[in-house]
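Lettered A, B, C, D, E and F in written order, each chain numbered from 1.
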Amino acid sequence: MFRHQKELQFEVKVDRPDPLFARQVQEVLGGQFGEMTVMMQYLFQGFNCRGGEKYKDMLMDIGTEEIGHVEMLCAMISQLLDGASPEDQEEAAKDPVTAAIMGGMNPQHLLVSGLGGLPTNSNGIPWNGNYIVASGNLLADMRSNLHAETQGRLQVARLYHMTKDEGVRAAFRKMLARDRYHQYQWMAAIQELEEKNGVVVPASFPPEAELESQPEAYKFWDLSEGNESSEGLWATGSAPDGTGDFVYVADPAPQGQVYKPEIPPTNIHHDLDVAKVPLKK
Amino acid sequence: MFRHQKELQFEVKVDRPDPLFARQVQEVLGGQFGEMTVMMQYLFQGFNCRGGEKYKDMLMDIGTEEIGHVEMLCAMISQLLDGASPEDQEEAAKDPVTAAIMGGMNPQHLLVSGLGGLPTNSNGIPWNGNYIVASGNLLADMRSNLHAETQGRLQVARLYHMTKDEGVRAAFRKMLARDRYHQYQWMAAIQELEEKNGVVVPASFPPEAELESQPEAYKFWDLSEGNESSEGLWATGSAPDGTGDFVYVADPAPQGQVYKPEIPPTNIHHDLDVAKVPLKK
Amino acid sequence: MFRHQKELQFEVKVDRPDPLFARQVQEVLGGQFGEMTVMMQYLFQGFNCRGGEKYKDMLMDIGTEEIGHVEMLCAMISQLLDGASPEDQEEAAKDPVTAAIMGGMNPQHLLVSGLGGLPTNSNGIPWNGNYIVASGNLLADMRSNLHAETQGRLQVARLYHMTKDEGVRAAFRKMLARDRYHQYQWMAAIQELEEKNGVVVPASFPPEAELESQPEAYKFWDLSEGNESSEGLWATGSAPDGTGDFVYVADPAPQGQVYKPEIPPTNIHHDLDVAKVPLKK
Amino acid sequence: MFRHQKELQFEVKVDRPDPLFARQVQEVLGGQFGEMTVMMQYLFQGFNCRGGEKYKDMLMDIGTEEIGHVEMLCAMISQLLDGASPEDQEEAAKDPVTAAIMGGMNPQHLLVSGLGGLPTNSNGIPWNGNYIVASGNLLADMRSNLHAETQGRLQVARLYHMTKDEGVRAAFRKMLARDRYHQYQWMAAIQELEEKNGVVVPASFPPEAELESQPEAYKFWDLSEGNESSEGLWATGSAPDGTGDFVYVADPAPQGQVYKPEIPPTNIHHDLDVAKVPLKK
Amino acid sequence: MFRHQKELQFEVKVDRPDPLFARQVQEVLGGQFGEMTVMMQYLFQGFNCRGGEKYKDMLMDIGTEEIGHVEMLCAMISQLLDGASPEDQEEAAKDPVTAAIMGGMNPQHLLVSGLGGLPTNSNGIPWNGNYIVASGNLLADMRSNLHAETQGRLQVARLYHMTKDEGVRAAFRKMLARDRYHQYQWMAAIQELEEKNGVVVPASFPPEAELESQPEAYKFWDLSEGNESSEGLWATGSAPDGTGDFVYVADPAPQGQVYKPEIPPTNIHHDLDVAKVPLKK
Amino acid sequence: MFRHQKELQFEVKVDRPDPLFARQVQEVLGGQFGEMTVMMQYLFQGFNCRGGEKYKDMLMDIGTEEIGHVEMLCAMISQLLDGASPEDQEEAAKDPVTAAIMGGMNPQHLLVSGLGGLPTNSNGIPWNGNYIVASGNLLADMRSNLHAETQGRLQVARLYHMTKDEGVRAAFRKMLARDRYHQYQWMAAIQELEEKNGVVVPASFPPEAELESQPEAYKFWDLSEGNESSEGLWATGSAPDGTGDFVYVADPAPQGQVYKPEIPPTNIHHDLDVAKVPLKK
């Protein structure tokens, strides 16, 4: 069960309205790697966590924190939208630069939300459940979490340079610091889990079942002209878990058959050889 | 520019048809972490790669390999669907277990694709471009790639136990081996990049801008009852890059204001105090 | 079966082209509460209506009217787009304000529809079947209808102030009047149904099954700091159907257990305690 | 900012696993009117609420309660999925009725979530932001809330009869009671707002602008054969706000023009009269 | 403006309920090529038709007919669902084959629509506006229409063999006949338009602009191993409009450059050479 | 299996950056009829092709070519985006026309892709698998292919006039030439197939089953006022396959019944006659 406190986690005071920027901030609210995503992802991982109390508790801690980040971004967007109503727009249309800003704003900020944050990305695409990952495998999910915080912080950093509003920037700095911590956090969790189970997910697949195909687990297949790719760590030396050495295959040949599928039954109506095959009714 | 060879990368010979399993295999063809995703993700990252020739070449190598994995899974699904046409179904309805299998199959495998693989997941949701990530930041994208291969291999491993078909299992073993290599590959690339730029993404955000909010980059906020979360590596010791020590905040207080937004202009039609505010037409 | 008359239901004569406004009008054509939604919603409710001839007939009357509203909005949008073709745009680019308008228009109005209305909202999101409700419960669906007309009229009212075009405004006034009638209509239908069955949906759930949990049906749980919420009608007095009195619970305690899920079987590959649990193949 | 308590709001103890029913319960977790919808809807309405402290506080109270309902349904689904892993399925396939149940389950409960709740509906469609409404008009949003609780309770009532599991039914009874209260709650809020501003949304549209088109606000247009629709309250008597009397128009004539759009410029490439119109390059 | 007649266009009398088949019929109601698609496609093409009165009138004729086909399919589905309510299901669970049928039905037919047709395909994916095409180019759209009727009739033909219900089959035969006519109709329209403007769309692109690249308009590029593709009409002889002869290019070489994109500015945060490039704030 | 060559199929050298045009070009990369669609459509048709080696080989030839077209458009878009980073934008804001261009660009080109092409259309809607068709019926699919190339070439032709950039135009001319060839190609394939099997799809539906409903296969139903539609080839003369003569039905009467559905069981909770019908628990 949850409870709410009235204060925002961090202060959000925008210096001046900017409806075009409000649209852009939607990306980190309701986009693929926005705060709605990390909120729902950590909550679902926590709700579904089977075993591992310290992981479950930690996921609930951070999932609960992220609900408050959604709250902060709604506050930021509504402040950026103050002054963007139809009656303000008429005035704005007289100045070409302001007209450009108004022309580029999200029309749904006026028509649909009445100057509030939307559960969408910067192009108005609704947030959806496909954005989140909760697979029931801890290491897999921690890698997802590290990745989500990585993309999220990258986008906030890009947004940071797109505004000169010091109020916005101050709030973003807090979020950048939290996203830095969250990257550290998932790295630490990953380190714990990899030390216990090994680095390849899932670790529990029975090794004897892998034997026959094992050589394929160490080969780089060069299928694009040029051999610059032979220079990376992935092409030489040993696998990260030391179980084998990498092999660079410069001109790989296919190992499978030319697959010739069966002609389907007539009532699939493929229209091959209609004259010849009697139809079963 | 691309070229195609007729042979499959690895052999795909299914022992016997199983239309319910065909539906389940769709998850690793057209689901969020299926082969369509890694194919399109690596191709887009390669197409968009700016600078770093060895990364671009490597992305094109593996993206090109993955097109061939989509090809293999289509071959597998069409073999699993042989024998699922309407005329076979009539016969099948006489045996209750077979009826259950036919009842659980994806109707679009008959009606829409005529016994072929679909660009959808196991519930028939069409694959979409939101599944892929190509951000223009190399380390961010390599983390996405490691994650995608992690979830993908996990799903193939789960599928492996859901069939006894030795033909299917042999093909899956090849794919599990390749997914193991691909996890190694992205780990190696990540190691290179982290050694060069540091572990936090993006590394290029100007450090002086972070100063004021820096303390928030090391704090764990405990917002869910219970303190099991204090036991993890994320709560004690130093950050992975050694730039600071973690602090466990057991009872964190909000630092922001209670936000009271402005009453919006009347022609937003909020219906607050309609009587009092004159409308501008 | 349906028939079509050539005249529009109401006159639509736009004074002058305005491609940016054409984009905004899409919200009330193909958005969540646009005319496509009410058209399809009333038609599906009518098609599926089981019993209650007067409701079925009425739903078919209004559903059929709404097809004509979609027709009117397409006429409006195509008039707003006259003069927005590539050859007009070149001219427009010379004036900064017009350039801003052209820059903000929906590119699909040129590329995809060739200056026609699109089945999408103001951000280009395609209309979808999730927007409509036809549940088979009459009172539930009438509430949906009242709500849809409420949001729809709100959006048309907001659009009204975003244009000075008297031709557009005249057509909008007709639509506002019809939306007013439709709100009245659903209120009247709701009144009839509530008088017959009671106000809570569904009314047919067996009362004896509700007994044990009945007290929860009258409690307000205060889970957000502050007690301003105690001032509303929902917190004091009796329930609207007079079956009980409201109780304001100022500091509610959870009534459930701390849920500890089972450790899943190994071939789910959760990676907990991999070493300890033997895998069943 | 938010906080989490470990106990569930109400007890959730399922008597026995039932993976087919787990799929069906997804409808009230991640479907259009499931708990994710009311949770996100009330939170967004609360975050965006401008003015009206008691409404904002109340929205935060109930939005916070609904996060806990999502938590409860995840707990229910994971219990229903215990015993549905691949190793259990093999055993199950021997019994035809159990095979039917396994054949009808959602494959993503195994492959994607590893036996956990998914942010999707009963057909696996991901939850999306279009399901929620937060328009900035209080009366409009309260009508949405009443409607959402209406559909939600209807679906839970239908589910109730689809299981004999007494543990599930006990949890559903609590939810049915809360959904009953929430219907009362929104009715009470609607009553307050309608008494203040009138019943038509938005109330603030300037009455003088409506004058010319006013007659259309009281007419029923009979556009479907048959006149059963003349029997309802919507066809006779006065409008609910007493501002006029309803008129039943038995054979309505269109009032608009036959719209003939302009031939578009040639570089739209419409292919009408290609020979005749010179192309501007 | 539209009007509705109470009778269905053709009789729809189902012999016996079959909820699994009801799910499958959804494909031709709300799937990509179902009746909702042709209804909305022809209506939007008609509404947007600029010039060409006989085309506009014809599109309105057939679009109006298709609304009635949606009506017919809703009637068919609701008859197929009679007898699938929770109380019937309990009885059904005793017979394994019936259990399989019930297990395979769409849960939303019970929970969401209360035994009515849904605006979705056979997997429950909501119909969406992307399914329809209305481009403003007549020949392009007629090709879309021919294609839609082609896929639609193919799916109905496949469904026909999946049921033995003579009532369903009688209704399908009417629909197959209409789909046959509609294929004829679009072929006839295409013949008219191609005779006037030529076979390549758009015909109005200025020929002189095509000169330089003209040779590429007649070449087959063989990019997949094997030369079976050289046997088709597309590889030999003349183009259908006689403007040139086809050339089979057996081993085509790329004609473009190796593209090396610019290194992006630092505040895109690409993480290449972070140390070397000074950041502009 | 596939291989990649480093050179682009045709040269792509953009004269100058234009971020607004970059957004528009997305339509032909990731829109419904963009290069991603034809690439995936031909590949899936080729992968799933059962029988007909020359068709399979040809589909693989052209599908492989189209992967290279996606590559070319990504190169074009990244060149159009050079110079659109935040630091360039600041400069741009000083000039109103440039500000308008920047205001109209896709914010995800900065925030999400870091100046690279996106797998989305011009409004940012992600590409999805519903865009492609692979039905297993050759003639049906060739008609889809002809249609896709038709819409695709139309959109490229429209884009051509929206830019004066000679580098872009040169690349578009190559694409227009290839799209012209591809239209020829599918016409040739269609001609082959129609000569073999007849023009109506599917040809294999048993003729004797169509007898009773055959007259409906030649009738035009005039359901929209006006008889301009009687002037087309579809209304007079013989069907394209000469099997019958068209009949223009000027005032068609419905042939079906007025459908009255059954009252559903009580635990569907329809709320009709709640008092009268006892509920089965």
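By our rule, a contact is a pair of C-beta atoms (placed from the backbone, for glycine too) under 8 Å apart; a residue touches a chain by one contact, two chains touch by 3 or more.
Note that the coordinates shown come from a computational prediction; the quantities given were computed from them, not determined experimentally.
K.L.:
If you take the chains that touch subunit A and keep only those that also touch subunit D, what is left?
P.N.:
Joint contacts, listed by label: B, C, E, F.
K.L.:
Using CA atoms for the superposition, what rotation angle relates subunit E to subunit F, in steps of 5 degrees?
P.N.:
180
K.L.:
Measuring centre to centre with CA averages, how many angstrom lie between subunit C and subunit E?
P.N.:
26
K.L.:
At what distance in angstrom does the C-alpha mean of subunit B lie from that of subunit A?
P.N.:
Chain centres of subunit A and subunit B, defined by C-alpha means, are spaced 9 Å apart.
K.L.:
Using the touch definition from the top, which residues of subunit B touch two or more other chains?
P.N.:
1-9, 32, 48, 50, 60-61, 63-65, 68, 75, 78, 86-87, 96, 99-100, 103-104, 110, 112, 114-115, 120, 123-126, 128, 130, 135-137, 139-140, 154, 157-158, 161, 201-202, 204-205, 209, 223-224, 226, 254, 256, 261-262, 264, 267-270, 281
K.L.:
Which of line, ring, star, complete or other matches the graph of chains that touch?
P.N.:
Basically all the chains touch each other, so complete.
K.L.:
In the complex of these two chains, what residues of subunit F are touching subunit E?
P.N.:
Against subunit E, subunit F makes touches at 5-13, 32, 46, 53-58, 60-65, 68, 72, 75, 78-79, 82, 85-88, 110, 114-115, 125, 128, 130-131, 133, 135, 137, 139-140, 143-144, 146-147, 150-151, 153-154, 157, 160, 173-174, 176-178, 180-181, 183-189, 191-192, 199-202, 204-205, 209-210, 212-224, 226-229, 231-234, 239-241, 246, 254-259, 261-262, 264-265, 267-270, 280.
K.L.:
Write out the stretch or stretches of subunit C touching subunit E in their complex.
P.N.:
That would be residues 1-9, 30, 36, 40, 43-44, 47-48, 50, 60-61, 63-65, 67-68, 70-71, 74-75, 78, 112-120, 126-130, 132, 134-137 of subunit C.
K.L.:
Within their complex, state which residues of subunit A touch subunit E.
P.N.:
Listed in rising order, the residues are 154, 157-158, 161, 267-269, 281.
K.L.:
Note which residues of subunit C are touching subunit F in the complex, please.
P.N.:
Answer in residue numbers: 1-6, 48-52, 86-87, 89, 93, 96, 99-100, 102-104, 106-108, 110-112, 114, 120, 123-126, 136-140, 193, 196-197, 201-206, 209.
K.L.:
Where on subunit F is subunit C touching in the complex?
P.N.:
It is residues 20, 23-24, 27-28, 31-32, 96-97, 99-101, 103-104, 121-125, 155, 158-159, 161-162, 223-226, 254, 256, 261-264, 266-274, 279, 281 of subunit F that touch subunit C.
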